[in-house]
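Below are two complexes that have chain A in common, paired first with chain B and then with chain C.
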Partner chain A sequence: MNNAYFTKTGRKSVLTIICLTVCLLNLSLFTTTATASGKDLSAQEIKHLGEKMYREGLLPSGEPIKAFVTGDVPVDGTSFTCISCHLRSGMGSIEGEVITPPTNGNTLYKQRKPYIEGSVFVPIIHNYAVYLPERPAYTDETLASLLVTGYDPTGRSVLDAMPRYEIADRDMEIMIAYLKTLSDKPAPGVTKDHIKFATVIVEGTDPVAVESMVIPLQYSVNRKNSLAVASKNNDRVARMGYNMLGDLHSMTFSLKRWVISGPPETWREQLEKYYKEDPVYALLGGISEGTWEPVHRFCEENEIPNLFPIVDNPVISDTDWYTQYLSRGIRQEGETAARYLSSMADLFSDRKVVQIYRETTRGQALADGFRTTWNSRGHAPAVEITLKENEPFSGLQLQQIVARHKPAALLIWDDDKLLGNVASLVGLSTGPGVIIASGVWLGEAIWTIPEELRGMLQLTYPYRMPHEEIRFDITARKVLEGKPIEDFDPIILRQSFIAQEVLGKALMEMRIEYYRDFLLDTIGMFDDSYPPLYERISFGPGQRYASKGCYIVQLGKGKNPQLEKLTEWVVR
Partner chain B sequence: MNCFIRMTILLLTFFFISSISFAADPPRYERTVVDYSIPDVVLINQDGKRVRLKSLLETNQRVVVDFIYGTCTTICPIMSAGYVHLQRKLGDKSDSVQLVSITIDPEHDTPEILKDYLEKYRAKPGWDFLTGSRRDIERVMTAFDAYFRDKMDHQPLTFIRSPTEDKWIRLYGLLGGRDFMEEYQKAGN
Partner chain C sequence: MLFSRIQIFMLGLMTITLVPLTTLALEPQLPTDAGEQQAWIVNDYRYEQGSPQDDPDMGLYLCGTRCNAMTSDYRNVIDPGGWELIRVAENKELIVELNNKLIGGHCICIADEYIVKVSEFNRPEKSN
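Moving on, here comes the complex of A and B:
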């Protein structure tokens, strides 16, 4: 036998090999888990670079993070971002059968264990998932290891649904430091006993409209506060309340009115002053008959959620985050008209589309909605004729326009005076095949459309059919507590009703985690719902206009006509 | 080098390799073969073009269909990653298969949103993303026995059509790239 081991050289060789191997092992396991104390990273760096990694999948170098999903499929980190599953708040999501747990520091650095020793239920802080397995608290090292290898500290693989990412050294430090900043402390306006809300009212708004907006919200706040009192006084109520709402059951709410006045350029300063004096968790509702832009911007830059302001002209953005609107506003009618006409445009041959509109905010919004969508579909732009706000417009002038342009389709964005004008086109053999007006602008005048016009006039109508909507009066009356419904604006009442319903549902789901981004993330994961007023409202991550619908309708024949739908709720 | 040293090296190398293994757990999915009847609907693709679904799906090529939507979290990125991987693996032959994604959020997913989605995944020609009226989309989902009450309830379902058999292979679960390739290749035989 060769006794090489027992020679000095032999022993040295084995020792060298062992040392080398141990060094290599250390390198492979711990290169990517460099101690991430984050002490030398500035808050700015963490926020800016960490956010880019988390939301966009880009390393600080600007390169996409390399990721591998289901073990072996390489993907760009840009199409597999942390935010897409863990959402902006980092609180995770549940979709279909896939549960994404929270990834904020508060959750990661705590142990996850059953509520009751030995039980299979492992609740996390909010309602999403009860079946997640136990794990110890992460450390910076084990968290880095999870991100790189896809294995958690118990050896469980997350690779079925979560990619593993190639992130190293300082980039990993930034990532981990950023996760620690996600949903890390309660939002302003929230204490363990109380949540503060406010509603923004532009001075000079019609008082009936204002009250129609405020009353449902105030009702909701009062009801919540009543429950808090009842819970304090009665154990059974407290138990029931706790089952349904968790700690929310004993919390109280308040709703302040932030009245802003003067030119819109001055609103921002007024809002900042209100906020500085008494910070709130979120804004509810709100109302403006004109622009909403300064309020939208205030919310965006202060990261304050605003749920369902009552506005005709919401800010249209694909990327803004903090304001959840009921719809795209008045322009949605114009957009729908464009899609509707687009579906029949092949039949127009070379004939034009003519769009006549009043140069008021309403008229311009309708026209712009139509124009933008119509042109984006590749059609020749419509011939446009504008009318000044108080400019008279006669049936004769309309006849002349039609004779001159011979449109296949005519849009008239005007108030009920258009009915008299359109009457001049009755019986015209060369008249347009389709005439479209705004049902909302006509308002009650819809019901006065003469019989001979009903066949030729089609209307955009962004609500449920009135004869079907009437059954929701009972729901709307709930928030009035005996006040006559006739004293209020029926549309605004219902819109505000939706706001308080959505808020309540969201807070119930969130339980005690009242982070602002989490509020919007939670709403973003709601199922479709069928509330008063809108046939359907739907949500989705990042989607900020709840109602996507608007019918094209006609008034039916006879003495007691109904509005009749010509399209589905959403016109494609 | 002597026997002992060789053994030591072998053992340590084995230890080293096994400690850095990245092997994933085997993905789980269900596979069935079904005959589906495609409804004759006209949907709209990412270019705003109207597309007769039957013409797109009943061809001599292999066809793959899935149901996703533009703002989906979690499931859809994984499924789309599978499509991307398949296209990359097929290289020049990526147009030998018709990949179809159908939105289950037709209210929100306009052609512009579909196009952005495909660009995000760097889709190559041969992958179309369709939207349409809610009624038509529901008809298609029902035809594939993939009706979801709400988009938030959707499940990972992928369908591969074998042109030779005129049947659909229904894959339920989140497939790894390798499994997906295997199923795809099997479907062509």
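Moving on, here comes the complex of A and C:
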């Protein structure tokens, strides 16, 4: 390693100007042999180029970083990126028995001791430190040496799982400058003793739905604040709280309601105004009966986490980072229907699949979910019939559609009016083999499905079976503190319960390091869990839709029928 | 006396703080109106054709889906707390209709039968 590089700030200015110009014109023109100092780059350029190296394994030149594992086995740096183990925040990860230490500047440039100061008696935080060897604080030189040789300042070799990277001086400086900016200062909305949160409410949303969303969040905030107050007033409580939560025990939380109104294109401005006046660490929950896109974009561009908004139509993206949704929304039911039908498509012979849907947000999301998944499996596209939002649709019309297309499978994405239509197919010998509708869209009307339809109408159902869910009532009731559960929307109540539960668990595991990316990294490391409402939720780095499954069900027979599962939890 | 009052008080405080900060619970009140419920854990299955034209492989596949769907995930019983699974019968053969116009026949699901009930041991009045 040529350590002299780090003193090259006095290079000829003319050369620097030339290189900077090239950089501004086309970043990809940089090569590892460029001679300009990385210190001449702006913070934005360091961020851009550093992110490419850290997240994608690409040098500023656009070439993959050369890396070596288990000594001298060459590998492509794009397959062994820093982010895969140290995560986006740089705060490290624990995977089985492999502990990947933090690689943010704050941590690297401090001596590592076998304990974390201020949290010596807090097992959940302290355990992290005990398993990591002591080392002195890194310098730019020793850090560069580590990345190239795999040896830390004590001469200890790091795990073989950590590749050795071939990064030339100038690129190394960019990398190191980037690591110094990674998780380097407290996030907005966080002070030593307080964390601010907000929840976004779209004006005009059903008030019962709004309160059902807010009450679990407020409960959680109140309980945390009670502990903080009790800790101040009682040394024993303080000690107990500290032993469990470290410094978090004495911190207070606040939850603001950000009410937005008017057309969605005006929401961004309103959100920016709220944020400018009083920045928050994260958005919790939130509710909209329509789009969430402007809030999603606001969070993405301001790098603000949003945990579990209550929305039918989340923004679907494999790369967006800051909004963690409960599921893929109602379209997940359409996707499940496609996977279910695909599994029995051999029975269809040449018969068609017909999809009838309302041209509403729900109808389109369901239809699109089905269409995308069905077509991606190589099947002939379904025949699609659309109904305007308020267009009448009769049983006779449905009979005519069935007579014309003779479908093997029929999907009807509509509200409870569809029950009357499907009834017209009872006893029809040439009727579809399978008829599927959305359980969520039918809502409470599920329980009114007439006996003669129960054997033929199958429903997508993205929640735990209601007769099993009753066991989770006690959990959901906690947040009501005696208020009657009948006054609230049971599904939203449970969804919001999950939000506060996940937040609490994440904050406990963040070792008092409340960086925004680390919040999402921490959640990404959670194990599968079995919360109220959903059969199972799971997380992973970059995964943003927690519940990935859905059932196909039918209503059982008799006067007090239960939903019967026709499939296991069909996972995307 | 095993514990002094102070120790019991401290134990109580520990219990409160050991629960994740956001789930500090009220005194649990297990819903007894749910009563006992039946649950199944399926061990095996087979398909019985309705007619010789029914595809036995597809039938068996669909029966696999249908019978496995009957199986309860024990985490749904255990995770809420205060409930228990009690096995009451082994390897019962249950006839389950496929309800599919595209293929006849039915499934035989071979399952252990359980009842799910409030755990007497975990009832609040017993644990106090």
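One rule holds in what follows: the second predicted complex is superposed on the first by the 515 of 572 C-alpha atoms of A that agree within 3 Å, B and C clash if a C-alpha of one lies under 4 Å from a C-alpha of the other, contacts with A are read in each partner's own complex, and residues count from 1 in each chain.
Here is the rule we use: a residue touches a chain if its C-beta (ideal position, glycine included) is under 8 Å from a C-beta of that chain, and two chains touch if they have at least 3 such contacts.
Remember, predicted model here, so these are calculated numbers, not experimental data.
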Touched partner set for A:E203, first chain B, second chain C, both or neither: neither
First, second, both or neither for A:L347, with chain B first and chain C second: second
Partner chain in contact with A:E568 - chain B first, chain C second, else both or neither: both
Contacts of A:G241 with chain B and chain C, given as first, second, both or neither: second
Contacts of A:D278 with chain B and chain C, given as first, second, both or neither: neither
Partner chain(s) touched by A:E134 [first = chain B, second = chain C, both, neither]: neither
Touched partner set for A:F80, first chain B, second chain C, both or neither: first
Chain B versus chain C as contact partner of A:L159, first or second or both or neither: first
Contact residues of chain A, present in both the chain B and the chain C interface: 536, 568
Chain A partner contacts - residues on chain B that touch it in the complex: 1-5, 8-9, 12-13, 15-16, 19-20, 22-25, 27, 44, 48, 69-75, 77-78, 80-82, 84-85, 105-108, 112, 120-122, 131-135, 150-156, 174-178
Partner chain C, residues of chain A touching it in the complex: 219-220, 223-224, 227, 236-237, 240-241, 243-245, 248-249, 343-344, 346-348, 408, 431-434, 455-456, 464, 467-468, 470-475, 477-478, 481, 500-501, 503-505, 507-508, 530, 535-536, 551, 554, 565-568
Residues of chain A defined as touching chain B within the complex: 2, 4-5, 10, 13-14, 17-18, 21, 24-25, 28-29, 68-76, 78-80, 84-85, 87, 93, 95-98, 100, 149-150, 157, 159-161, 164, 376-378, 524-528, 536, 538, 540-543, 548-549, 568-570, 572
Chain A partner contacts - residues on chain C that touch it in the complex: 10, 13-14, 16-18, 20-26, 28-31, 34, 37, 55, 58, 61-62, 65-66, 68-73, 75-77, 79-83, 97, 99-103, 116
